[in-house]
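What follows is chain A paired twice: with chain B in the first complex and chain C in the second.
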Partner chain A sequence: MPLFGKSQKSPAEVVKALKEAVNALERGDKKVEKAQEDVSKNLVHIKNMLYGTAESEPQADIVVAQLAQELYNSNLLLLLVQNLGRIDFEGKKDVAQVFNNILRRQIGTRSPTVEYICTKPEILFTLMSGYEHQDIALNCGTMLRECARYEALAKIMIYSDDFYNFFRYVEVSTFDIASDAFSTFKELLTRHKILSAEFLEVNYDKVFSHYQRLLNSENYVTRRQSLKLLGELLLDRHNFSVMTRYISNPDNLKLMMNMLKEKSRNIQFEAFHVFKVFVANPNKPKPILDILLRNQEKLIEFLTRFHTDRSEDEQFNDEKAYLIKQIKELKSVHEN
Partner chain B sequence: MDNRIAICDPDEDEVNNELFGDIEPVTWVNDDTNYDLDEINMAFHRVDSHQIIYEEKKKKCKLIGKYVMGDLLGEGSYGKVKEMLDSDTLCRRAVKILKKKKLRRIPNGEINVQREIQLLRTLKHKNVIDLVDVLYNDEKEKMYLVMEFCVGGLQDMLESMPHKKFPLWQGHGYFCQLIDGLEYLHSKGIVHKDIKPGNLLLTLDGTLKISDLGVAEALDMFAKDDTCTTGQGSPAFQPPEIANGCETFAGFKVDIWSSGVTLYNITTGEYPFEGDNIYKLYENIGKGEYTIPAEVEDPLKSLLQGMLQKDIDKRFTLQQIRQHPWTICRPPKTLEEVPIPPLRGDEWHTMTVLPYLMEHHYGVDNDPTYYTEHQLNEERKLQEMDRTSGEQKNACNSHYNKHITNHGKRRWRKPTSCISVKKFPSCKPS
Partner chain C sequence: MYSRVAGEEGKSSIMYDSSPNSYHGMAHLGTCCSGTGTIHLALHKPTDTMVVVKKFYIDDRTPEDYNLVEREIIVTRQLQHPNVLPYLATFVSGHSVCVVSPPMGFGSCQDLIEEHFPVGLPEVAVAFILKDVLQGLEYIHKRGFVHRAIKASHILISSMGQACLSGMRYACEIVKNGRWQKNIYCFPSSTANNLKWLSPELLLQDLHGYNEKSDIYSLGITICELANGVAPFTGVPATLMLTEKVRGRAPHIIDCKLPKHAEHENTNDGDAGSSNSTLAAIGESILEHFSSRKFSESFHSITVQCLHRDPSNRPSTSQLSSHPFFKQCRKSDETVVDIFKSVPKIGRRDVDSAGDYGVAMSAEQLANLDLQSCHWDF
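== the complex of A and B ==
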């Protein structure tokens, strides 16, 4: 080894060394500290190959290609993600950086790492379960969101059973983890419009029964965030058929009417933007019409006094006036 | 209190004389020899250009609401666009100043503006221009649309270059951002209907912003599909179905077509369809026949063909565009980046509000700067010379692009006066 500067290990050597160190860490022999140290050292080494340092440029494409190939062949990405909890604080961050860099690698129109992960979906499932563990949740989050940018990987994640765990993760008591999980959840449902529209359509019942629980959550932040996302999803034209289905269900209308009366003004306001879709629907099914008719007087009175201090917001006032007019003009189907 | 001394710079005249030394005296070509030109001139009072003195416009600080007004950024048929500074947040903004009088003269002017305001208020996306505030001045019949600050548009950049196109990698970056913004608009049920380089602006950090939703249409929330009936976009960017006068057409596919023309334009410097007048142009678009320049290679060529499909069912969807090899694969950064053209000589686009604030807080009223018509003419001549010599070089070699713009910048200097005004350090009574 040279006295000064970094040793010039080849990608194969570094990957082999890292793999041995992670294995030792996993076995948890007496030499844990040594293994810990080796893992961190080799991670820094790989990171520098990819990103370069203050003194050196990133390695040439050919070296990076070799490195990527070694990582695939050795199955090291999965191993790193599985043992993330055992790696020290800086090392965890390095894993995320290495992972994301390798993931973004492109050869022409191909993304080899994306193709590789498609054949090893355990990597994704392991990352998703990372939200169960406080010490690695946020690191897994950054890797997951990078994965979610690729349609093929997002598809694997949302169509898996593990996806429904997100409904639990977004409600955990640690605030930063819950909100990190929520942003990953949102990314998965909104990034690839066509993909998520299809997914919501096919899995409508399952998704929305879970979603209902978020809207009824004890946790104010969860209620508010999920209500806002619901509004965004329903008002996105890609989700047109999901929207029409959602606004045909009287239970959903009742829920929104209750949320209009919530204590929090922010929740009231978000609920208004979902409620308006029920009212604006030109083809209201009978059960929906019945609920609106039963509450016609009360709704008109309620909406007239609803957020009157938002005089600056023309859009809102126009919409409110429109809703009041619509509700006033509601007539029972039998009357005609 | 006048403590100024005016000194004429004696060197100035010599320099000018030298300049004129090369120029031969003008001889007038006159078919009537009896006509004495000098006699005619007698009828006019001749003023030497040295004697026309301008006073540099004072930077008078002006507030509109909480915004400090800056310099002019651009001008359109509706009115001016100026820079502003939000005095609360210190954010740079641009303001579109709309005059009721002018709007009335534009067909659908007022309705389009109202619609644009209403639409922009509901939108929030990285690649769609953000409407920050709307202010009214009923007395002056003016309307101020305060927007995100943009330094320029793709059209101005294209026009600043001899080939009127971007290097592929640069065009690719803008195109991907256009597709992101368009996907957002479409997801909100909005058909833009006027996608073209002139409506794509850039912020200082190079983020593309789709702007001008004046003729955009918001679909009804419950409309089954994207059927539209009116199109008022720019002719060269309209699809065959509009050129052929179809009564109804699919809105989203109109934006795909216009984005296709835009991509064609920014990567080749040409338009797929042309015509001496709008009828000829529409006739050509209606046929849907065009050629792609031979130098356009395959992934890009097939993308253009997919977007510029006469048959709307065969025309690409945004999804197909996203998955197209040319979109996925970023071209290598080979040629120099086309810069945003400098604004009045300032390539850095520094904040123009600052001089107004300086003047307001530290300014002394009695030190105006003067310059003469003669100097202005000289300056214009210099710039003209730079430009023509630049164009000649450009014609020979496109690699000179960068140098020439630099060259032009170096020569440009602010008109300074031959009457240099010296001021004694004044002691202000406290």
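== the complex of A and C ==
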């Protein structure tokens, strides 16, 4: 691999060199430019060892194993993540690529890097707080989503207080950062079904009081994406008890009925998919039933006119017909 | 200014903020991404600079369309190169996602050809533009992407004459599951507008897959497009085009050598209609112009190399950059700006009414008036 002129550095050497360079960058002494250059160079070196390039193959497993071991022993992953903002634009992406590759490393069924990070959760918290900073937010997002694939790491993240910062991150005004944060947020709440069902059940009040703010956000994309995710969460059978709790609260029903007639057709449509759960519930609590009954005529008329142009969407039309029928029949229940 | 904003010192881009109120729409410039987006010239009020705002109205879009918009923006935001069009700021306004770019004074190469150079750009202009595009493309490949939509409409020219690549919407990542893939098999989700430029191996969708050399083929097609004023295979049915490409019948730039080429092809191959894929779309008078001009040998050779049927025989971006074709850039007295001096630049004088935003809004509101009129009784 004649990429860097002289003969190849060993994993221990390159990790040591990178660590020294990052330390110099952190100290911010006079030789910052030199440090910056050394960081970039060694990052590319490590990246090419792991991934190979268009011209060269990745290094043999034994070299990668040594490299990983050096990274754990030197605590370099945390150091890199903590100093991400000081590393140059391309170097930041290289950090993410190195991190993600090392994270995927497996020995049989074990994931040694995941085990390592479990003992160093600061890595995760530092990454999560990366969304506070424009210049590293997307890089941190790439690493966080890779971490979220592992249940053990997802668990540390959702059960931390920092998790609730996501409700702020997904609403920032810079679209790409908000979107990226939302993807991570969604991954954390949907990837590991049993983990997230348990989490939502235990933390129901706190999570849904925060979630309410997203549904009322002034940012159209936040409102639209959070409503869509809500529908997905409620309709997932793992979240049955969360769903039952959600559809028993008349405030939630009112919100959905208002969203049904929002200006945005997309939001109307997504609201329909949450609203239908309230109506389809065979054991409606009295406050829910009362609201539906009070608006029975209006709802029937409204739903009859609702998105009539979606004639080719069979499932939607079946569901709509079912809802109209259910609401019509509510009356007879009441009268009897 | 453009090189500063688009360039490596992209940190200066921080001055563009994500507040919709900072931007005042000035003029509608066109549409993009098959009608998903509209392009506006706008004034960034806090700095009193002109910018271009691309606006994607997403409310009536499918989730797949929305994801394409979102992905393009996130990918583009992570690229920083003087020859790749940057997104300086992104924000949500009403039911639209907006991205802010530096204004590209001469517009896209497709616009230039359509409006000012119907018989194609002069050779030296192609050389200058291609040189920039190769820099941008080399960066994109190094960062692990296959662009998959290199074409004249995705090459924008700044008023300083610098070419920038756009269109990352169609790009595909080379790195997957922690590995640098030697071959990619994933087919772009929307290709209808790019078929003419796509490489035979990508279109074939077979077990061999494709890699970043696919972009080099598209570049070859783009060279023909820039030189001839019309993209090869224009007006040719898609299946015939595919057959031609797979057989290795490459289009070429057309000059006085043309008749020989055409004859050669006709004798080589029986089907009459398939001879020169470009000629079908070109009128008599233009053909005459073609036969009176002469391109350099190196221009012909770079085109042929890019359009090689076998991807492994196509040069890489860095190999192409040292092609003798680019020698003329150093020798030329003219710059791109000189060549385009008769072309009116996009600028403040384009300002028409700012009414377009408002009109779109009210049409949108009208459509839903029906449902909004309902009042719930809580």
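Everything that follows uses one rule, which is that the second predicted complex is superposed on the first by the 320 of 336 C-alpha atoms of A that agree within 3 Å, B and C clash if a C-alpha of one lies under 4 Å from a C-alpha of the other, contacts with A are read in each partner's own complex, and residues count from 1 in each chain.
The rule is short, and it goes like this: a residue touches a chain if its C-beta (ideal position, glycine included) is under 8 Å from a C-beta of that chain, and two chains touch if they have at least 3 such contacts.
Computed from a predicted structure; not experimentally measured.
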{"item": "Combined model on chain A where chain B meets chain C, clash or fit", "value": "fit"}
{"item": "Partner chain in contact with A:179 - chain B first, chain C second, else both or neither", "value": "second"}
{"item": "When both partners are placed on the shared chain, which of chain B and chain C touches more of chain A", "value": "C"}
{"item": "Following superposition on chain A: angle at chain A, chain B versus chain C, Cα, nearest 10°", "value": "70"}
{"item": "Partner chain in contact with A:315 - chain B first, chain C second, else both or neither", "value": "first"}
{"item": "Partner chain(s) touched by A:280 [first = chain B, second = chain C, both, neither]", "value": "first"}
{"item": "Partner chain(s) touched by A:106 [first = chain B, second = chain C, both, neither]", "value": "first"}
{"item": "Chain B versus chain C as contact partner of A:73, first or second or both or neither", "value": "neither"}
{"item": "Closest Cα approach, chain C to chain B, once both complexes are overlaid on chain A (Å)", "value": "6"}
{"item": "Parts of chain B lying in touch with chain A, wherever the complex brings them together", "value": "118, 121-122, 183, 186-189, 219, 221-222, 319, 325, 328-330"}
{"item": "Complex interface listing, chain C residues touching chain A", "value": "10, 14, 18-19, 58-61, 63, 70, 73-74, 77-78, 80, 87, 89-92, 94-95, 97-99, 141, 143, 175, 177-180, 211-212, 316, 364-365, 367-368, 370-372, 374-378"}
{"item": "Chain C contact footprint on chain A (complex, rising order)", "value": "50-54, 58, 89-90, 93, 97, 100-101, 104, 134, 138-139, 172-176, 178-180, 219-222, 228, 254, 257-258, 260-266, 268, 291, 294-295, 298, 301-302, 305-306"}
{"item": "Contact set on chain A toward chain B in their complex", "value": "106, 108-109, 193-194, 235-238, 277, 280-283, 314-315"}
